[in-house]
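Heads up, the next two complexes both have chain A, just with different partners, chain B and then chain C.
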Partner chain A sequence: MRVIGKGVNREDGYEKVTGRALFADDHSFPGMLYARVKRSIYPHARILEIDTSRAKALPGVLAVATARDIPGMNVVHVVIDDQPLLADKTVMYVGEPLAVVAAETPEIAEQACDLIDVKYSKLPAVLDILKARGKSSPKIYKDNNVFAHHKIRKGNIEEGFKKADIVLEQIYRTPYQEHAYLEPQGMVAVPRYGSTMEIYGTMQCPFYVQQAVADITGLDLSRVRVVQTYTGGAFGGKEDVPSLVAGQAALLAYHTQRPVKLIYSREEDIISMSKRHPAWIKYRSGVTKDGKLTAVEIEFLFDSGAYSTLSSVVLWRGIVHSVGPYNVPHVKVDAYAVATNKVPCGAFRGFGSPQVIFAAETQMNELAAKLDMDPAQFRSINLLQEGDLTATSQLLDHSVGIGDTLKAALGSSNWRDKRKGSGGTDGSVRKGIGLSTVFYGVGLGAGGKQMARAGAYVQLLRDGSAQFAVGTTEMGQGMRTVLSQIVAEQLGIPYKKVYMIETDTSRVPDSGPTVASRATVMSGNALIKACAPLREILLKRAGIILGQDPQFLIFQDEMIHLEEHPEIAVPLMKVIEDCHHHRENMSHEGWFISPETSWDPETGQGKAYFIYSWATNIAEVEVDIETGQVKVLKITAAHDMGKAINPLLVEGQIEGGALQGMGYGLMEEVLVDEGRIINPNFSTYIIPTVIDAPEFQPIIVEKPFRDGPYGAKGFGELPLMGVAPAVTAAISHALGITLHEIPATPERILEAIQAAKKANLNG
Partner chain B sequence: MFDIKIYKPKTLDDALEIKANLLNDIAVLAGGTDLTIRLKEKTIIPKGILDISGLEDLKFVLEDNAILNIGPLCTHNELSDRHTDWGALIDSYAPELGEGCRVLGSPQIRNIATIGGNIVNSSPVGDTIPPLFVLGARLKVQSLKGERYVDIADFATAPGKNVLKPTELLTGIVFEKHRKKDRGFFNKIGQRRALFIAKSSVAFKGSWNGDIFSGVKIALGAVAPTVIFAPETAAFLNDNKLTRDTLDQACNIIRTEGRPINDLRSTVQYRRVVLGALLKKGLLPFLGKK
Partner chain C sequence: MITINFTVNGQKKELEVKGTATLLEILRDELYLTGTKEGCGKGECGACTVIMDGKAVNSCLILATQADGSEITTIEDLEHDGALHPLQEAFIEAGAVQCGFCIPGFIMSAKAFLDKNHYPTREEIKMAIAGNLCRCTGYRKIIDAIQLAARKMYGEKP
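Entry: the complex of A and B
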């Protein structure tokens, strides 16, 4: 293939590194106003009064809107419609929006917000997920504070544990994680002709934003157009919450009939936008003395925050991934999304899986230790293989690359020697190595089945260039490049001749959200479908020119020629010109519906996802036993993504995801005091810097997916998912301790060393 | 958002005059890396800003026999880049201060933030302050009425508070150069390996004769409301043969000398424990070294 499988440069790289790319805040319109949001200062309170009179009287203020001024519905739809755009009767978390202001300058808008007087009557807040389920807890959602409960029942759990020689039960905790995208949330709402609304902004899911703006303004969907601007990172943090930002801007644009720009400050973004759910996980596994898993029983809680938003689906991905990529005959899982008076949690790379993977993989490493077995060998006994059934009893019939990733990573990292040479007594530094094996269900799965379709539009122009549009978005992950490669390959034209039009709801039908690592598979397939009639027209026209039957013609090197006789050929460019001359329709649409999935909510059994990607992570660390500081030396990550359409971008995804996963495992922590986030900026919310980055060894394993474009599966989230437990396993290996809570900060590591010393003295 | 008058004097006298007239209503901007955050967060709302960043008179490193005199408007990069004259001087004669300047904030912050700002900001986590403690620095402060010198250890009184009067500006930082046998270091620890604020830090200076330190001074950052000395550890190490055993004992003593708190950066327990580790890291290279 000419373009597929090549590490071509990013299509948008030049614009981004030269500063030409226009992000949300770079967009301005004549007569534009600036918006600010008034937010709750209490985690839970009744609103007695919102007095906007002083704010409205401030010169330069054009509009102040509260819940009462919403012409449509005061709802931001995600799954359950419990979240208002602006709080009406009660506030449910610190930072919840109460009112919005549009003014001539951002400074006046800010000042006007300060002039809005809110009278509250404080209510008892629910802050702890374990207490939230107790009888005595205040109720903030239904009668049990539970937004969702999902379960898996496979085999017979009692029987499974009876067959076990060793049973291990542990409790695990994982923290919030903040997306820390470079570009904060931002939208510009532009009213046109008194009856339509255009939205420009940073987002993953333009069709969600379109729905939200239509709901809030009361306009028909047909009168709301959403255009995605260059998006400076998202990681799930721009899945559902941009609907709030767009709704706020659109409400003010609706009332003033002037363009309104709303850009969040970093602090505002961190306190009010979604996060990774903190989790409490009770994990019990049974294993025979020769290392075969017999049973897994899990109960876990996600701290969902004040509104349900995406929690139910996040929890669902969590249960499907909770057992890990292992063949376990008896499984029982119960998972709950619990309501608390804190910021609503939502999507974040891995979507409910990194929490349970931390528990599952730590559990596997400790079971291996109890069996006195190498954790890699213990994995190979239990890993899923072709023909096996998953925890949801899904038959894996092809593209199961987990064993290959394990083999590749073990070999490349020299695991066996390094595993033997742990610890060390040279000064205060100890070395260790640890691993994790992970799988990832590609796409929305049975949990989001109704949205599992995508559209595409392709036009081949008379100069031999092509433009295309899709409904999924580029957010830095590389979709624009990968899809351009697919179009170039399909149409036989050079990669540089392909241009992707910015994602715009008026160009293609609702293609679902850009989440769940689905863009390559979904939009890639839709594009292949859109290119098919164009290929047919080109071959037909070439057949006429050459006087040959089109079925024996092929595309090669910007020529079309007879397969058996390459000398009988015509330049592609001539064929394209001829097509236009003969008034052929050179623009076509494609529509792709995902392969079938299924789910029984009572038993948690079914074909959860249409395909899985697989990975093995190996982390090597040095730990200073006197400071508890960890230096990650190297991360080897072998991934099976079916086909690396662009190996360079694949490696970039692996490295970036691994670093983000390392941050999750070692240092990132949102600190909440009485419902208030106390570290809402980057001097106190600590993410890894380039100096903290280890050496990366990305490894590509390709086990093709038969329904994927060129065999590709989605994998963008996978690089993050299993890195935290690989790093903590390496720390445990270095020090002979166990870590059941992340982040593994130096404070926690020193505590664990102390605890281990005490246990040794007593034991 | 701000209705603030900005004063940008051309001379020190003009600056002092503005200070004398406006007293507490004015905030001084040197590098601005702390001030602008406070303005943005509205933790201070001054009527005016005295922007002294253009006062070239306050940007110097002067060598006067055994004394170094540093202008408060020198940036951290200017004092720590060994390839420049100033950086080389600091590296030779006050290496612990060079290190403090080198590990403060990020490259961007070090390019604009000034040593004077770090001192007047009077935070217990200021990375130049423990080194200045062990160097025995004296601060020259001036007002229209004259000048006085304040010992660095007497300068800060609480987080963000110091003895500078509303009429005064910091105009010089003076200390004795290292002599031939003097050795010093500054070590800090945080949540990551770069761009971090200290959970604990330790500065050390002493005269080394091959197995004994004399004239030992140790200062601790981030473990009390201000930077503090660790007099007991210093006394223990002073004129005492440095061995693995005495080093371990010193590490135990230093852990008792901080008065840390739990906050969003770390815990009491951790901050105490790592004081020992930071001291040890700095002194280990001297063990067995003649």
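Entry: the complex of A and C
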């Protein structure tokens, strides 16, 4: 292949290194106004009055809008319609939007927000997920504060535990994680022609934004056009919440009939936008003395915050991934998304899986330790293989690369020697190495089946260049490049001659969200389908020119030639010109519907995802036992993504994801006091800097997926998912302790060392 | 309003600014140099890095009035006559760019640094970009890119 599998330069590299790439805030329109949002200061309160008169009177203010001024529906649709755009009767979390202001300058808009007087009457708040389901808890959602409950029942759990020689039960906790995309949320709403609305902004899911703007303004979907601007990182944090930002800007644009720009400040963004759900996980598993898992029983709670948003789907991915990539005959899982008066949590790379993976992987390592077995060997005994059934009883019939990733990572990291040689007595510094094995269900799966389709449009122009459009988005992950490579390969033209038009709801049909690592498979396949008729036309025309039967012709090196006789050839460019000359239709559409999935909600059994990607992470650390400081030295990450269409970008995904996973395991923690986030900036919410970054060894394993474009499966989320437990396993190895809660901050590590010392003394 | 005179990307400018305006605001809003980004507005992310009198600074922390009389270079000045600066080329070739929002800031920090240190070690590069956050890349390829650029510009250490 000419372009597939090559580490070609990013298609959007030039725009990004020159500063020409226009992100949300870089867009301006004549007559544009600036918006600001008035937010709740209480976690739970009745709204007695919102007095906007002083704000409206401020010179330079063009509009102040509350829930009453919404012409359409006051709802931001995600799954259950419980979330309003602007709070009406009660506020449910600190930072909930109450009113929006449009003014001539951002400063005036800010001042006007301060002049809005809100009278509240405080209500008791639900803040703790462990208490929220109790009888005495105040109720904020139905009669039990539970947005969703999902379960898995496989085999017979009592039987499974009877067969076990060792049973381990443990509680694990994981924190909020903030996306910390470098570009904050932002939208510009532009009213056009009196009755339409255009939206430009930073987002993952233009079709969600289109729906939200239509709902709020009351306009038909056909009159709302959403164009994605360059998007400065997302990681799930620009999945559903941009609908709020766009709705707020659109409401003001609707009333003023002028363009309105709304860019969130970093603090506002951290306080009010979605996060990774904090979790409480009770994990119990049984194993025979030769190390075979017999049963796994899990109960877990996700702290969903004030509105359901994506919680039920996040929870669903959580249960499917909760048992890990292991062959376990008896499984029982119960999971609950719990309502609290805190910021609504949502999508974040891994989508409900990193929490349960931390628990599962830590428990597997603890089981191995109890068996006095190398954790890698414990994995080899239990890992899923081709022909096995998953926890949801899905038969894995191909593309199961977990064993290969384990082998590759162990070899490359020199696991065996390092595992033996750990500890060390070099002053107060101890060395350790730990691992995790993880899998990832690609795409929306049975939980989001009705959205599992994608469209594409391709046009081959007179000059031999091609442009294409898809409904999924580029947010940094490299989709634009990968899809351009696919189009170049399909049409036989140079990669540099392919251009992707910015994602725009008016170009292609609703293609679902850009989430779940689905863009390569879904848009890639849709593009291949769109290119098929173009290839056919090109071959037909070449056949006429050469006087040959088109079925014996092939594309090669910008020529079309007879397969058996390469000398009988015509330049592709000449064929393209000929096609245009003969008025062939050189633009085509493609539509791809995902392979089948299935699910029984009563038993939690079924074909949850159409394919899985697999990975092994190995972390090496140094821990100072006096300070509790951890230095991650190296992360080796071997990934099976079916086919690396662009290995350079694949490496970038692995490294960047691994560092986010390391942050999750070691340092990142949103602190909440009485429902209020108290570290809403980068000096108190600490993400890894270059100083924290370890050495990376990314390894590519390719087990092709038969329905994927060139065998690719999609894997953008996987790099983050299992890194935290690999890091804590390495710390445990270094110190002979076990950590059941992340982040493993120096304080927690020192505490664990103390606890272990005490246990030793008492033991 | 206060009048300031300064040189931006080699051109002399005279501007009327508010006393509270930051250098970042006037670059973006008055001079339309939107390549410089705002990620936090508080000196915590480095997305707004520009070069002021030879030093990399967070333009969100500098008042426009403080820039009076200074010489400013922004990302827009690096490409000349269609030819990319070696740093820009290296960032593309090394695969150091993902979403791109942090990239102008990194390139400006790296430029100020390489202008003074022609043969840096990886550790020195890390110190030079320690104030720039990137959430996408994991940083390794950014360090690679800066090393590659140094080699493109100055060759191997003599």
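Throughout what follows, the second predicted complex is superposed on the first by the 763 of 763 C-alpha atoms of A that agree within 3 Å, B and C clash if a C-alpha of one lies under 4 Å from a C-alpha of the other, contacts with A are read in each partner's own complex, and residues count from 1 in each chain.
The rule is short, and it goes like this: contacts are C-beta pairs under 8 Å (C-beta built on N, C-alpha and C of every residue); 3 or more make two chains touch, one makes a residue touch a chain.
Predicted model, so just to flag it, every value in this text is computed and none were measured.
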Name the contact category of A:G233: first (chain B only), second (chain C only), both, or neither.
-> second
Which partner does A:I691 reach: the first (chain B), the second (chain C), both, or neither?
-> both
Chain B versus chain C as contact partner of A:G7, first or second or both or neither = second
Considering only touches as defined above, state whether A:V17 meets chain B (first), chain C (second), both or neither.
-> second
Check the residue A:S683 against both partner chains and state whether it touches chain B (first), chain C (second), both, or neither.
-> both
Any idea whether chain B or chain C touches more of chain A?
-> C
Examine A:Y254 and indicate which partner it touches, taking first as chain B and second as chain C; both and neither are also allowed.
-> neither
Could you look at A:T627 and tell me whether it touches chain B, chain C, both or neither (first, second, both, neither)?
-> first
Which parts of chain A are touched by chain B and by chain C alike?
-> 683, 689-691
Residues of chain A that touch chain B when the two form their complex | 106-107, 110-111, 427-428, 624, 626-629, 631, 667, 671, 678-679, 683-684, 686, 688-692, 745-747, 750-751
Listed in rising order, the residues of chain A that touch chain C in the complex are 7, 9-10, 12-23, 25-26, 179-184, 230-235, 265-266, 475-478, 648-649, 651-652, 655-660, 681-683, 687, 689-691, 693, 695-696
Spell out the part of chain B that touches chain A in their complex, as residue ranges.
-> 1-2, 189, 191-197, 264-267, 269-270, 273-274, 276-278, 280, 284
Across the complex, what residues on chain C touch chain A?
-> 28, 33-42, 44-45, 47, 74-76, 78-79, 84, 87-88, 91-93, 95, 97-104, 107, 126, 129-130, 132-143
